[in-house]
Amino acid sequence: MLVTTHLFIPGPTKIPEAVRSAMDIRMEDMRSPEFPKFTLPLFEDVKKAFKLTNGRVFLFPSSGTGAWESAISNTLNRGDKVLMSRFGQFSLLWVDMAQRLGLNVQVLDEEWGTGVPVEKYAEILTADKNHEIKAVFATHNETATGVTSDIAGLRKALNDAKHPALLFVDGVSSVGCIDFRMEEWGVDCCVSGSQKGFMLPTGLGILAVSNKALEAAKTSKMERCYFSFEDMIKNNDNGYFPYTPATQLLRGLRASLDLLLGEGLDNVFARHHRLAEGVRKAVGAWGLKLCAKDPKWHSDTVSAILVPEGVDSAQVVKTAFYRYNLSFGVGLNKVAGKVFRIGHLGALDEVMIGGALFGAEMAMRDCGIDVVPGSGSGAAAEYFRSTTKASATSRAEPKLRLAS
Amino acid sequence: MLVTTHLFIPGPTKIPEAVRSAMDIRMEDMRSPEFPKFTLPLFEDVKKAFKLTNGRVFLFPSSGTGAWESAISNTLNRGDKVLMSRFGQFSLLWVDMAQRLGLNVQVLDEEWGTGVPVEKYAEILTADKNHEIKAVFATHNETATGVTSDIAGLRKALNDAKHPALLFVDGVSSVGCIDFRMEEWGVDCCVSGSQKGFMLPTGLGILAVSNKALEAAKTSKMERCYFSFEDMIKNNDNGYFPYTPATQLLRGLRASLDLLLGEGLDNVFARHHRLAEGVRKAVGAWGLKLCAKDPKWHSDTVSAILVPEGVDSAQVVKTAFYRYNLSFGVGLNKVAGKVFRIGHLGALDEVMIGGALFGAEMAMRDCGIDVVPGSGSGAAAEYFRSTTKASATSRAEPKLRLAS
Amino acid sequence: MLVTTHLFIPGPTKIPEAVRSAMDIRMEDMRSPEFPKFTLPLFEDVKKAFKLTNGRVFLFPSSGTGAWESAISNTLNRGDKVLMSRFGQFSLLWVDMAQRLGLNVQVLDEEWGTGVPVEKYAEILTADKNHEIKAVFATHNETATGVTSDIAGLRKALNDAKHPALLFVDGVSSVGCIDFRMEEWGVDCCVSGSQKGFMLPTGLGILAVSNKALEAAKTSKMERCYFSFEDMIKNNDNGYFPYTPATQLLRGLRASLDLLLGEGLDNVFARHHRLAEGVRKAVGAWGLKLCAKDPKWHSDTVSAILVPEGVDSAQVVKTAFYRYNLSFGVGLNKVAGKVFRIGHLGALDEVMIGGALFGAEMAMRDCGIDVVPGSGSGAAAEYFRSTTKASATSRAEPKLRLAS
Amino acid sequence: MLVTTHLFIPGPTKIPEAVRSAMDIRMEDMRSPEFPKFTLPLFEDVKKAFKLTNGRVFLFPSSGTGAWESAISNTLNRGDKVLMSRFGQFSLLWVDMAQRLGLNVQVLDEEWGTGVPVEKYAEILTADKNHEIKAVFATHNETATGVTSDIAGLRKALNDAKHPALLFVDGVSSVGCIDFRMEEWGVDCCVSGSQKGFMLPTGLGILAVSNKALEAAKTSKMERCYFSFEDMIKNNDNGYFPYTPATQLLRGLRASLDLLLGEGLDNVFARHHRLAEGVRKAVGAWGLKLCAKDPKWHSDTVSAILVPEGVDSAQVVKTAFYRYNLSFGVGLNKVAGKVFRIGHLGALDEVMIGGALFGAEMAMRDCGIDVVPGSGSGAAAEYFRSTTKASATSRAEPKLRLAS
């Protein structure tokens, strides 16, 4: 292809040039005496991305799924009762993993398009006087439906119930994009991966753990080896790893953190919110609806857009891909054929969102969805114009002579 | 910047990944015995990009301006009478060079927004019975105003007048983008550069010359050294260069030619035309006019858009740059403040054009130009939808279930 | 550093430019309809690198250690009896993992510097009439001591004993470097990783499995999820993955396989052998000994060189690193302080080996090892001169006028 | 090739990773309002590399040859008398250019292997009472023979003769490698190029000029356009260029200057001297001689090594290239067949020099030159060991336990 396919899936995301450059390197010796000077500060800075000051992070050569497995297998025991909810493909897969790893999962099945049912969790936790529930799981951002859940609320529910259960959060598509406060919210394990807000290729399972979770790991008896906290800790403490780490991605992660922390996390979140809101203005102007049932569930990293009855959303995605060199996310599982997804996370700006909306309009119209040409682009553009502000993707403005 | 500024100037253009990769290399020995195996076929393939089978090409480490100088200083003599026309910043600069190099230039000043006045050339050539005019110059694509001229018509004028003058063409922003037929049109020197249709960084002056021009070079007495045909020929014939060549760009040029010739030049031209036409549809929908006075002058590589009275086009460019991370071309010289330019050459596709139009609409509205939000995007999108066809930026379509 | 540290550890290895380039890319959609056109042939070609025609390969985002875990957890059951041997840091770690994952390991502790004790295995297998041993493990190339073991002999031992145990081989530092014939030798699981013979960054656990092992996986009851064969098979069969794959490394792997298979595996092995032999000639000329006790154990990917009594090998490595910008491998565990290791695998040629020997001589002399300056280099050079032959790192020779 | 050919020619040189990375970029707008913030400090820092505080530098998209032409055509007039000397291929070519551009050249032909005959210059200048000589030319480092000349001495000769002639120096292969003090030595035009000490690909002609030369340019009447000071000055003063600059190389130059100035020029010179001296130790140990007739002519950027009678040096180069993947420089013109050249400038360290010597020994012995295997490597290594010192290619040493 003369032009690389434009990527608007909810991860992997576009890689900033500085990160790409940081990874285009010759290999290095991961046992060199200078290596810890690189890794020890890196570990500290990864923690900052989770807003964590205590605890620690683990960087596994794996996908986020591996970090899920690590969280479970290091802190719990087979047969442990845990509370989970399922309202999209990724929360569903996490439940599946928990069951396969031998946990006794109490699953709350929620409508797809909604998120973590905080009130139900509160009730169950309050009722669990004997503290049989060892851990509570929540998918912060369900990538399949574009739904963000209320983790602060969940912490409050645990606190109100004075429940000691561990709190596990899937932050794969939220950390580095959507406000996430690990320490303030008392999250014990937060799972993330390199290919979303960290704007890297897939290949690092990033797991942040609280001191409470580290304590739990000392008594957990589940078999583990590759994903073992213990082996990692012993080596990480000296700046090394129990097996060859993915140094290329670690170098990329350094560059990514420099960007994220340099910009300021709250600015990163505001930037994501603004671009997401632009997409939502377009969806509104098209006369379409999001899969997310209510504004409170709106995700700032991905919008799952419901296509009208009679249209197969997979055809929209296929048309965009083959005809306009544009990758959107398909609908998965229960929402297959019903939604297509525009990922709007990572290194993006208004012009790129404009291009994605332009392509979406063409593909939708090709597939018989009668949106008004230019309506989505126009609405997004007007929103962006009304909310301009210096950001990591614009320049400090000199005096511009603008029309008032 | 988190996101590299989107480049929609009429060169340098975006570099395809394959070309970028071909240039990201370690250095090589330009005197190695294997080097000619690379250069000799390269010279032949560069000729193909000009549709030239005879003659030869010269690849100078220089910009296109250097290739201009080479063309003049190798084939003419100081005091030679030449016929030129001036209707934009680049034709103007070429006249300036010709004068400074000591030519006796008969200049036709044409309105900016028009192009080479073929009829006037015809008259003058017919009247020049003694063949005092040694060369006729034409700027194929005037980048400053977005005007393409009729080179085939100029050849006809020369032929009709049975005039032996050399025909020099500035193809800097046309070769590899707009139909150009060096041999068929009897062009003697065609100047181009690496950073336009060849989709490379600036740094190669690319000069194609006919056998007639090579013959003229044998008697030309102008001093020259760096840009000498003779030195080049002696070394190029063996696959080498008279001084260290820009091997990195030559490797990039190889990749670029593989893309251009692989796609087929006529497909390349059609692709440029379609994207340009999309931009023109947007301009129409905005209710604006191009600098080009008549459709016959429309350039498929750059559109110079006239802003309404009272608006300073430089502010549109500045706003796009600072606020939306988007580079457009400013108005130069006589059209400064009056036009802004959207470059649409090189490795582009519909989605990128959509992004550029999106940004243009925002910047124009910010500057008080009252275009209807989404109008340009919508018009371009509908045009693209109505003209889809497999190209270098789309995929061979499987059966898509499209609305009829 | 002005010059990147020269890497002569036994992995990660130097990355060929073609592979580096293949990984320096923008991200892609791992669910695109075109993705299987890339992955399905890739799976087949990975099998070729193992000389496997049946069975299948799994490509995990992990290190080789993850692939070890996958092999065990998918094919065996907790409590299963397995036969292993331990004679270096990596065979030791594999035993440790097997024990931690709940296997009942019969360990043969061998002297470091020797390898898999085929005769002892033969005896034990012959004695195991009830076939209690479910699997036999062998480290093909022990990276810590530079010892290569006889896998063909082990297969013969199994066959002679008519023993049905699975045969597991750690090929992390042998596959793609040293003759390995998975199918001919009846290996059931062969573990490898991206950062050795495949000349990629760390990040892919590459596991090749026989049909027999795939059959065993159907009845194994060990909990697994991330490293599950079943999930992989279900998705791989269609060209996809159960979770986001490391597409960047997969693209690099494509380039790496193109190089390896293009050169021909047997040529790859011969090239490694010749370079290794050059290093061994140098060691001999220095008057030093290898950790490998006997030529039959000599590894063609890494040489562990014993330093004289009274010298700390770690100081040699440190001096080379700090003073001469050169990374060698340290001695690990039982051979800490006693050996330093020169990795000679992957994309290397004579000149690079010459540089490594040059640096080794300087560092050794700095540390009081009284090798004759130039002795190692001279011996290696003479060996290389006497064995020249066109290879992937030399050119088809034109007629050279050489001294006879 | 699996391994990129090792480059030991006297330019292009190896590109440091930081420089390579700085050039692996997307294109930018050379007319953007932010561009001068990049170029203006760049111009100042380039001057520092020449040890120039007044005057200015010009950065042409060209090779160094173009900068030669610029120096002459902007400051002199046709027919001007100039004094030059010729003692190698590059000083010879400069004379040729001066003659072709119409200067009246008084040429001193010196033995190849010697350099600028300062005493003869002194005599001639003293005798030139009428100051007919307008400019004195000197090749600081003659790349063809590995000879460095005494520019300070030349300045003294001019001063002693109270002669106002301009002093032109070819510093193509000295600037950034060998001590060069433009201001202190009163050099008026110093020509350099990107592909030597600046460690970039070919493509920038770098010309530093004194205020005196700038003054001379105001009255010079030679025709010029592409290489015009005047056009450059007018645009450079605002941070722009008269035609599209080679932005990719300018970005690389920024990175290169950061390395050179960060290291400190005097450290850069010391580093080059030490590596060159190591090569010379090897040449001595081989029992061979340099083309440079006397130690005072020794070049720290390239060694031209004389092969024994009866051996064709071109065969050594060819053998190294085809058989050992190693590029040396051939002998040019008068020394063709007699010398081969090892370039030792730019981003090199001891290990790389060791590799080059290793390859040279093999190729020489293949061609019948009876050097003792390992003799050159051994001598260089001992020299390097005896002169270790922290540099840009080694690390600040921790306490190493070295043998005393």
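As written, the chains take the letters A, B, C and D, and residue 1 is the first residue of each chain.
Basically, a contact is a pair of C-beta atoms (placed from the backbone, for glycine too) under 8 Å apart; a residue touches a chain by one contact, two chains touch by 3 or more.
Bear in mind that the values here come from a model prediction, so they are computed numbers and not experimental data.
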For chain A and chain B, which third chains touch each of them? C, D
Note: of the two pairs A-C and A-D, more contacts are counted for A-C
Chain centres computed over CA atoms; the one at greatest distance from chain B is chain C
In whole angstrom, what separates the CA-based centres of chain C and chain D? 44
Interchain centroid distance [CA atoms averaged], chain A/chain C, Å: 35
Gap in Å, rounded to a whole number, between the CA centres of chain D and chain A: 53
Among all residues of chain B, those touching at least two other chains are 4, 14, 17, 24-26, 33-34, 318, 321-322, 395, 398
Sites on chain D touched by chain C in the complex: 1-4, 6, 14, 16-17, 24, 259, 263, 312, 315, 318-319, 321-326, 347-359, 361-362, 365-369, 372-382, 384-385, 388, 392-398, 400-403
Can you tell me which positions in chain D touch chain B when the two form their complex? 4-5, 7, 9, 11-15, 20, 23-34, 60-66, 68-69, 78, 97, 100-102, 193, 195, 201-203, 223-227, 242-249, 318, 321-322, 327, 329-330
Chain D residues within the chain A interface of the complex: 17, 21, 24-26, 33-34, 395, 398
